[in-house]
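Next up: some structures, all given as structure tokens.
Okay, so subunit A shows up in both of these, paired with subunit B first and subunit C after.
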Partner chain A sequence: MSDDTGTGTRTRGRGFVDSLVRSRGERNVLGGVAVVAVGILVLTALGVVRLPFLLSLLSLAGMYVLLTLGLNVQWGYAGLINFSVAAFWGIGAYSAALLSAPNSPLGLGLNPIVGFVAAIVVSAILAVFIGIPTLRLREDYLAIASLGLAEVVRRIILNEEQWTAGSSGISGIPRLLEGLPLTQNATNLAVVVVLIGLVYAFLRRVHRSPWGRVLRTIRSDEDLAKALGKDTYAYKMQAFVLGSIIMAIAGAFYVHVNLYIDPSDLIPLTTFYIWVAVILGGTGSNRGAVLGAATVIAIREGTRFLNDVQAFASLGLNLAPLRLLFVGLLIILVVRLRPEGLLPPRDELIWPGARREEGEE
Partner chain B sequence: MTLLVPLQGLNPVQFLVNGLVFSSVIVLASIGLSLVYSIADFANFAHGDTMTVGAFGALAAAGVLAPAMEGILVFGFPVWMFAALFVGMALAAVVVVATEFVIYRPLDTGSIELLITSIGVALAYRAVIFLGFGTDASRYGVPRAGPIPEIRETLNLAVTPRQVVAVVSAIVLVGALHVLLQYTTLGRKMRATADDPTLARVSGIRTREVIIAMWVIGGVLAAAGGVFLGLETLVRPRMGFDILLIVFAAVILGGIGSVYGAMLGGLVIGMLYELTPLFSMVGIPIGNEYAEAVAFVIMVVILLVRPQGIAGDAT
Partner chain C sequence: MTEHAGQTGSHEDMTYEGANLGKSDPVLRTEDLRKTFGGLVATDGVSVEVERGSITGMIGPNGAGKSTLFNLISGFYDLDGGRVWVNDTEVTEKEPHETAQSGLIRTFQTPRRLEGMTVREAMLVGAKGQTGESILPLWLSPSKVTREERANVERAERLLERFEIAHLIDQPSTDLSGGQLKLVELARAFTADPDVMLLDEPVAGVNPTLANDIKRFIRELNEEGQTFLIIEHDMPFIMDLADPVIVLDQGKVLMEGTPDEVRSDQRVIDAYLGGAGP
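Up next is the complex of A and B:
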């Protein structure tokens, strides 16, 4: 590093850009993202896309980013296969809805903060419960058990009407931070951006920490981690609980935006959307998780417009199965053609300081 | 999804009869899942949807064959249903072998990547069925026959001809598989590959052919299970996926990778599943809507107590 502050800032500035863009391939990917983003902004400025719609779409995308970050902790960091993303999301959503809505079966009408805390606590307990029998065994047991868990959670919420209002759902959920001098869409977006910022910063920090290094060792060779004296079960459990909590936070956020929840929102397809987002974005990469979630939301919302296109509607195809087919093929194709994803983690994991020294010597 | 036949003067053995029918379905399904586990070494999440493919293949065939073979009965059962069953089995075999060639074989990755790919395959199968048949439930249109009168009078049990067909067919198929595995060269090759693929390959076994055989057998049996399930209940696009967890529970109970363990596990889980209503009779109020949850709880208990299963040694 130079003593000159001017060049110092510039180096730091370049360091920041370098920390985002690391290869030509990534530059193309990020360039594409920038083009799309500018395109959407231009469309909004021209009035083609209405601003409130854009804001609510971005809030939804933000929720997907949270879910993807959560699954990325489990699958990306620790190699844990969780097929009950929708269940943890639903647990968070229902915890928040039941405690904060005045006309829920519990009828408490508490502050949303309490709902968020409950979402965190309940999802953590559920994660420990499912982790105890499965995390000591080979990876696929968690996959199987979590697939079952998702169904069981959905059934319980559907059938225990005295607690969860069953299929009639819960409405009257309060909005977030109504006192702010913003439109509600803008407030929601601000909240999710803050949530993502906190989660992202936290994950970036822990992933580079010794804890994250142990997890990466476990993912690539669990026997090695054991041989080094690490309690791999405890580490996997921590990663699983952490990821599940993040998913539950996403669910809690969702009910305060949507203001209504019913068990049909807990469909397994949500889980597979998030899986596509993680493996498409780049397994183990937080930047990839953000990009993957944005791509998936674009697919989900984009296909919705297809019905409005006259030529497509005249084919008389049902969109829901096409979307299912698309998600299925996307999973197969990503594993086959680009298993590392669009933005693979590579040296995202190395402290910036460490890399700079290496480059200068 | 209960197979319960309403009956006055409830005979507890009736539950065992119903359980046996459901067990036949689970046993047929769990064999294929277990074969893929032991030979190709991954958890095949598309197996449930393979059952659905078979069931819908038979449904399509039944639509064509039923008018052509109207009125011909075998054991009091329309012969076109047997023909439709074979079409469904053949279709499922073709589909899984094609999937192996197009999707699994070019993938040179570990078992976890294969597992994730199989989820994609499962979604794709189901989506195609949705596109072809819509989302509604259908029936094969086998005329509803009441319980066989002789059995009803002598044993006070309601047993329908289709239940007999399902159980007998399952026994025949499982017996055929046993002969194949134990007394033929292909069976020996399959067992050798399951034990140690590398050693099998070094000994000159063409493991690729073994893998094709594995898919054919698994697909055929899964399709049979799917058709019998569709006969007893309804033919639904989600039927296979909904039952997959129970099939996994059976395979884990039997011990992952053990075909005979899977048969035993399927028998036990199928029985337990149908015995769920008995729990409420002894005072534990579990409604039938929680039958899946019961399978799940059984699985979690197995994982805690004996994760290697009844017959397995893998951890």
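Up next is the complex of A and C:
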């Protein structure tokens, strides 16, 4: 075995648990996740947290996981700075809502599947459209353009009322898979878990492939990738489109859970949360994106109930308005203690079976 | 076999002889390359040829336009004039990656660190035409991707062994010293199977022992048929390694010749002493 890297903290190749957990810091993080998960389950069992609420919260977290996985493809893999996460999410949401809601301005009432497909197609077209002028330039141009795009998309949806119903929003969006013998909350959660599973499996393979390696080279040094004959523009475009499609899928899912959407949902705050989730989880890490998104939602939603805790209430503290502050503090804490994120990417990402040792397994 | 291009310099007391052209089998050819930055003429009608199988050196005082010339040839700068061929394929105005795919691979003066990659991964970026670099084959023909990847890993391991840095293969590539990075860069460039390799100061900032190793490896690769065009400030290094040597001064080709001819040429001495300016 040539696994000894001299980095000191690695304990790879010893067993199943060790293959999941590669350092003590990571063990602590995963241990923390387990404690929180058990805590939530206990609270649910005791009836403090009601099950339907927990299920819908998990669906929401799942949607954030999808968004974070999407941004991680763009920023984490390829180093593309996209500030229009909310716009691509909104494009997906509106594509699905307009096509599937019977009382939308289009009035088609199509199957949600069509809405999902439309979300993918429309977001891909928009990503190409914004990528063509910006991806050949330095990375900051995409950042600026995407900042503008987010506002343009929101304004168009707000003002083109004949197509989008404008500020009155779209309601009457159908639920997903109503025939299943589950509560709707459970069905929604199952759908998002399947979506995450598919996206994650897809990303896992491309991330470890030579394709992912070219993207990581571009992120680190685009000139080097060019000098080695890689068409960096094409790769950046692929990463940008792929990430945007995943964001749009998250949007399409959202409208079938929330059953209503209006332009005020496309606020830049969503983009901000997703960026926090990517950085918190570990830039470039798929596992990190999942955990980062879950953490952001846990803090955002968990802090809603701080006022219900007697101890705080008796102190006369109103903690609910301080939720953004908690998110900020958390970022500072992570940057101080684990600058690479909660679950940073593996030291080495290589196509499975490419190395002799692994090939024999 | 060779004839001089017969350029005449604009400086009164300096004859810019130009490079030797009309070589029998040039792998890289430039014709009258021009580049200006604002009012500064960085490259002024450079025509050079690199013979297949040679180690061609390129020297010149600071600001002579050597790195600019590399950037023009490899497509990183846009040309103001002139043409470039690699293996009789014209790569003028081509994107850097297209020039690379035509068989010209360059390295950079400052070694590039690939963050978040081990040396093994950093080596694997080099190979050309990898099936797994497109998304669809990852699902349609994963076994082909595995085969290629395995072959590339083995090749990378062999090369690192040969360059005596096999022990670094699991290291994060950001942990290497400057000299080790230069070696990795050389090895990686070689995995792209280039017809001609452009090395921009391969031993700048490298300790003498490692510099000697690098010299030995370049010579070995050359004996196996690899063509090099090398910019280097380290005179003993380049004079020992390269033949012919092209001398650049003020964006023009001053002369080309054997190391001995270059060493004893009064114009070269003047250029290095700063005597060329008007």
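We adopt the following convention: the second predicted complex is superposed on the first by the 295 of 361 C-alpha atoms of A that agree within 3 Å, B and C clash if a C-alpha of one lies under 4 Å from a C-alpha of the other, contacts with A are read in each partner's own complex, and residues count from 1 in each chain.
Just so we're on the same page, a contact is a pair of C-beta atoms (placed from the backbone, for glycine too) under 8 Å apart; a residue touches a chain by one contact, two chains touch by 3 or more.
Being a predicted model, the structure only gives us computed values, none of them experimental.
Of the two partner chains placed by superposition, only subunit C is touched by A:A227; subunit B is not. In the superposed pair of complexes, A:L149 makes contact with subunit B only, with no contact to subunit C.
In the overlay built on the shared chain, the residue A:T134 is in contact with subunit B alone; subunit C does not reach it. By the touch criterion defined above, A:E178 reaches neither subunit B nor subunit C.
By the touch criterion defined above, A:G284 reaches subunit C but does not reach subunit B.
Applying the stated contact rule after C-alpha superposition, one finds that A:G328 touches subunit B and leaves subunit C untouched. Taken together, the two complexes place no residue of subunit A in contact with both subunit B and subunit C.
Here subunit A touches subunit C in the complex through residues 2-7, 205-206, 209-211, 213-214, 216-217, 219-221, 223-232, 238, 284, 345, 347-356, 359, going by the rule given at the top.
Listing the residues of subunit A that touch subunit B in their complex gives 79, 81, 83, 132-134, 136-141, 143-145, 147-149, 151-152, 155-156, 158-159, 272, 275, 279, 317-318, 320-322, 324-325, 327-332, 335-336, 339. Here subunit B touches subunit A in the complex through residues 42-43, 45, 103, 106-107, 109, 111-113, 115-117, 119-128, 130-131, 134-135, 244-245, 248-249, 252, 287, 289-290, 292-293, 295-296, 299-300, 303-304, 307, 314-315, going by the rule given at the top.
For subunit C in complex with subunit A, the touching residues are 74, 76, 95-97, 100-101, 105-108, 112-118, 120-121, 124-126, 128, 130-135, 138-139, 145-146, 149-150, 152-154, 169-172, 188-189, 192.
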